[in-house]
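One structure follows; several queries about it will come next.
Every chain is named by a letter (A, B, C and D) in the order it is written, and numbering of its residues begins at 1.
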Amino acid sequence: MKKFLNDPANLVSELLEGFALAHADKVRLTGSRLVARARVKPADRVALVTLGGSGHEPALSGYVGEGMLDVSVPGEIFAAPGPPRVLEALRLANRPAGVLLVVLNHEGDVLSSNVALELARKEGLKVRSVLTREDISAGTRADPSDRRGLVGCLLVYKMAGAAAEQGRSLEECLAVAEGVERDMATLAVALSPATHPATGQPISALAEDEMVIGMGQHGEAGGGSRRVLSADETADVMVEALVQDLDLTSGEEALALVNGVGATTLMEQYIVLRRVRRNLEERGIKLARSLAGSFLTVQEMGGFQLCLCRMNRERLALWDAPCHTPALSIR
Amino acid sequence: MPQAIGREEVARMLRAAAREVIEQRAELSRLDSFGGDGDHGTTMARAMESVLAALDAAPAAGIKDLLQQAGSAIMGCDGGATGPLFGSFFLALAEGAAGETLDAAALAGACEAGLAGVKKNTRARLGDKTLIDALEPAVSALRAAASAGLEVLSALEHAAGAAAEGARASALLRARFGRAKNLGERSVGHEDPGALSVALIFRGLLLGGRSDG
Amino acid sequence: MKKFLNDPANLVSELLEGFALAHADKVRLTGSRLVARARVKPADRVALVTLGGSGHEPALSGYVGEGMLDVSVPGEIFAAPGPPRVLEALRLANRPAGVLLVVLNHEGDVLSSNVALELARKEGLKVRSVLTREDISAGTRADPSDRRGLVGCLLVYKMAGAAAEQGRSLEECLAVAEGVERDMATLAVALSPATHPATGQPISALAEDEMVIGMGQHGEAGGGSRRVLSADETADVMVEALVQDLDLTSGEEALALVNGVGATTLMEQYIVLRRVRRNLEERGIKLARSLAGSFLTVQEMGGFQLCLCRMNRERLALWDAPCHTPALSIR
Amino acid sequence: MPQAIGREEVARMLRAAAREVIEQRAELSRLDSFGGDGDHGTTMARAMESVLAALDAAPAAGIKDLLQQAGSAIMGCDGGATGPLFGSFFLALAEGAAGETLDAAALAGACEAGLAGVKKNTRARLGDKTLIDALEPAVSALRAAASAGLEVLSALEHAAGAAAEGARASALLRARFGRAKNLGERSVGHEDPGALSVALIFRGLLLGGRSDG
């Protein structure tokens, strides 16, 4: 492994120190390594909290800030934080308007959140939660619990975050989050593996002429491996699967998010995005909003996630509402 | 052979279990890299280091306290899927461990409570290629040995053997929980890392119980 | 090479299509593949123009937008645009307030700019230019023409761009740019090579235990290769060299920019940035502003550039002025 | 052997030069990967494709026009360091090429103008390991052959030989311009890709002049 690291035991605290430094105008570290907004949102607005393993920078803490999250609980590398820190975050965010916890569907995150939510409710905190599980690699008819949470969480942070900022109630924010969650789908493709920064060992292996559509969040396998396709062919295969899953039809509007997971260049992401639009337009689907960038990474893995979300007037307005976070700014 | 174990033995057993796991961290991560995210050893080692630290920090009054400390320590670290499961195992074990000492039947009862604690947190059952596939056979073997009248460490030996066998056999299973489930059929062929952790813990408990301190 | 590409001949036009799509609110394509602001700046403000090869996304076009550049001229992969397109950009940007052309010191960019500037002046355009050459890998006493232009261009775009936005004259904007240029220094370190996306061949080679401090913008070699160091050791070596070059002394203020060049994760960049601050603080130098991110990449190369810039009150104000571009937002 | 070349010959010569370069694009990029950014072949091929396209698009009136078209085409493409240098070579060559035909002396004069055009754009001189190290010997050889009274294609043969020799010898030099200069001593050992391009162009001009169309 060739990475710029020191003692692996300090990885997460060191990266958080640099993160807080680089974004001191937007975030601060507090308590047991919680990431909170530099300026607290008024207590009459719903707060958004999320949790997840580290090693996916800028996610998830990169979305703490005006218009999106209030607190994030970064775990160790690829490992969900334990329930006590999640509970601490819920307490920190607690307010009359209530707290919405956004959980990505991975065993560790779900287990920790369930324990923490139970304790929080016993303490009388006003908390609701939403589970993002938009990965379609297990197939359209798969048990929903088999659908992993991938980069789509970003859309939930953004649109539910905008609703919260506008003063909507906890139930309303939850409804926005659940609606977005239901109407989005993601598929990941990998070309080359990641190395775990603490063990130095590669996670999964990929031959020189092989790619995997359906790769998980951490380089763990999934989907089937196949001969490498061109950018356009890859985009076409993925759009087809996502459009099927969402049952997007002519006349509808969608948002497309191309998320580079590490070593895949922005150049490639732009090339893919361009094809996504062309493909959607041929189907009569309007690409109303689009993003390309490395929003949720898996170390230096090569590949990307493509997320599509059905949009409507309300969602477009929530998407266009301003946000200013370390990893996403809209104004 | 003692008929029951006390606070001292349990402390020694926990430390030995932690050491077994920490020693095998590389192998545990390696197994996790086939279908998971390659970090089970890192995570378990972190959890077990925090158990050792907790035991060092505060001398516990009794067995229940000791197990509680261990469970809280695991629960409190960033443990991915592992932390809440092993944490709840030890916390429920603590709940089930009343009294100054544990004989074979009491230990079996406590472990049954521990297993139930894990099952409250996951829908995974026997055959799903998770830590349950080592834990449940171990607990059953413990109960059977206790019912047969074996003393506590002999009973634990049966449990450790069953856990090791369960871990080994998990290689034949197809994952239905945890990250490896997305692999489907291709998850067959490697031991489940979580099941191996259970086997290592039971092995450590046994070794710790047998050693003289 | 494992990349998501189609016909290499269309690489640049495809990536620009996706780029313009992803940032339609900020930029538009015009003329012969020029990137211009979506909303033109008033003609009584100086315009900033830059040029450079593609393959470094988000640079350079990622800095076109409010508060930074007005027009960029993206060349082919790693190849400067020819003089005619540079001239076209100067004409497009031309206005009573004048145009400042920012050129990075690479032979191709300099040659094209010189030809284009001569033609522009013959046409009577009001144009000045500034050359960024802040790479210190050739040594402190090196011929300035041996100092390459690396990520420091970003600081010139930002601070001269803010001066332009405030309505300062062409001479004043030029003075800001030249001052920043004089007071900044960059050093690059590489761990693993890039592949040229059109040829599919690696550029330079690096052994598993080897790193190069002094790597150029394109993966072309430079500096000496050495055993891989830890993040902290690497940061210390680089800060020492940069502080020497700039003659930064106790009591002064600096901006630090950690620029990941491709496969180096944000996690690593944050870890490095943290050490940069500690090192500077031990010297009594205040880290007044800091950034980490992949601002100017070299395909999937592993490594980063560290840029330090001497700051003062005026520069801090220019730095903090708002900007909204595809790759940098400050408000 | 003709004493002079006309419009038809020059057009054929330019096309042949473009083909020579395009054929060797991989080798040119490979040489550029040692000290540069590995793209000289890609860039030269792009430049030469645009020369071919320009020649196809608009039938030129005379030799000057032809060379002007070639120079503008190279200048107009995204050519990195190469474009402005080769572009200015052909543009200055055009300026220097008066009349309906070129004999050896006229071609030598035009090439001297071309070399001067390049030198206006760079401070690199003989020995700096750039395209000058093939171009200047070629132009000198052309002038010497013309002075000795050789006819135009024989003179060009001398020029092509000198260019090839210059490119070969550039391997021994230490780069002082272009991206490779940052390599210092380590730039010694490989031919300069720009110098090889010059050699290929002269070789192509000769082949094109000799062929029957």
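Keep in mind that, in the parts below, contacts are C-beta pairs under 8 Å (C-beta built on N, C-alpha and C of every residue); 3 or more make two chains touch, one makes a residue touch a chain.
These numbers come from a predicted model, not from an experiment.
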Apart from chain A, which chains still form joined groups through touching: B | C, D
Longest centre-to-centre distance from chain C, chain (CA-based): B
Centroid distance [mean C-alpha coordinates] between chain D and chain C, Å: 33
Mean-CA-position distance for chain C and chain A (Å): 29
Between chain A and chain D, centroid-to-centroid distance (C-alpha), Å: 54
Topology of the chain contact graph, where touching chains are joined (line, ring, star, complete, other): line
Touching residues (chain side chain A, partner chain C) in the complex: 2-6, 11, 14-19, 21-22, 54-55, 57-58, 191-192, 197, 208, 211, 228, 230-232, 234, 262-274, 277, 287, 290-294, 297, 299-300, 302, 304, 324, 329, 331
Interface residues, chain B side, partner chain A - complex: 26, 29-30, 33, 35-39, 41-43, 46, 74-85, 87-88, 121-122, 177-183, 186
Residues of chain C that touch chain D when the two form their complex: 12, 53, 75-85, 106-108, 111-112, 114-115, 137-138, 146, 148, 196, 198-199, 201-204, 214, 216-223
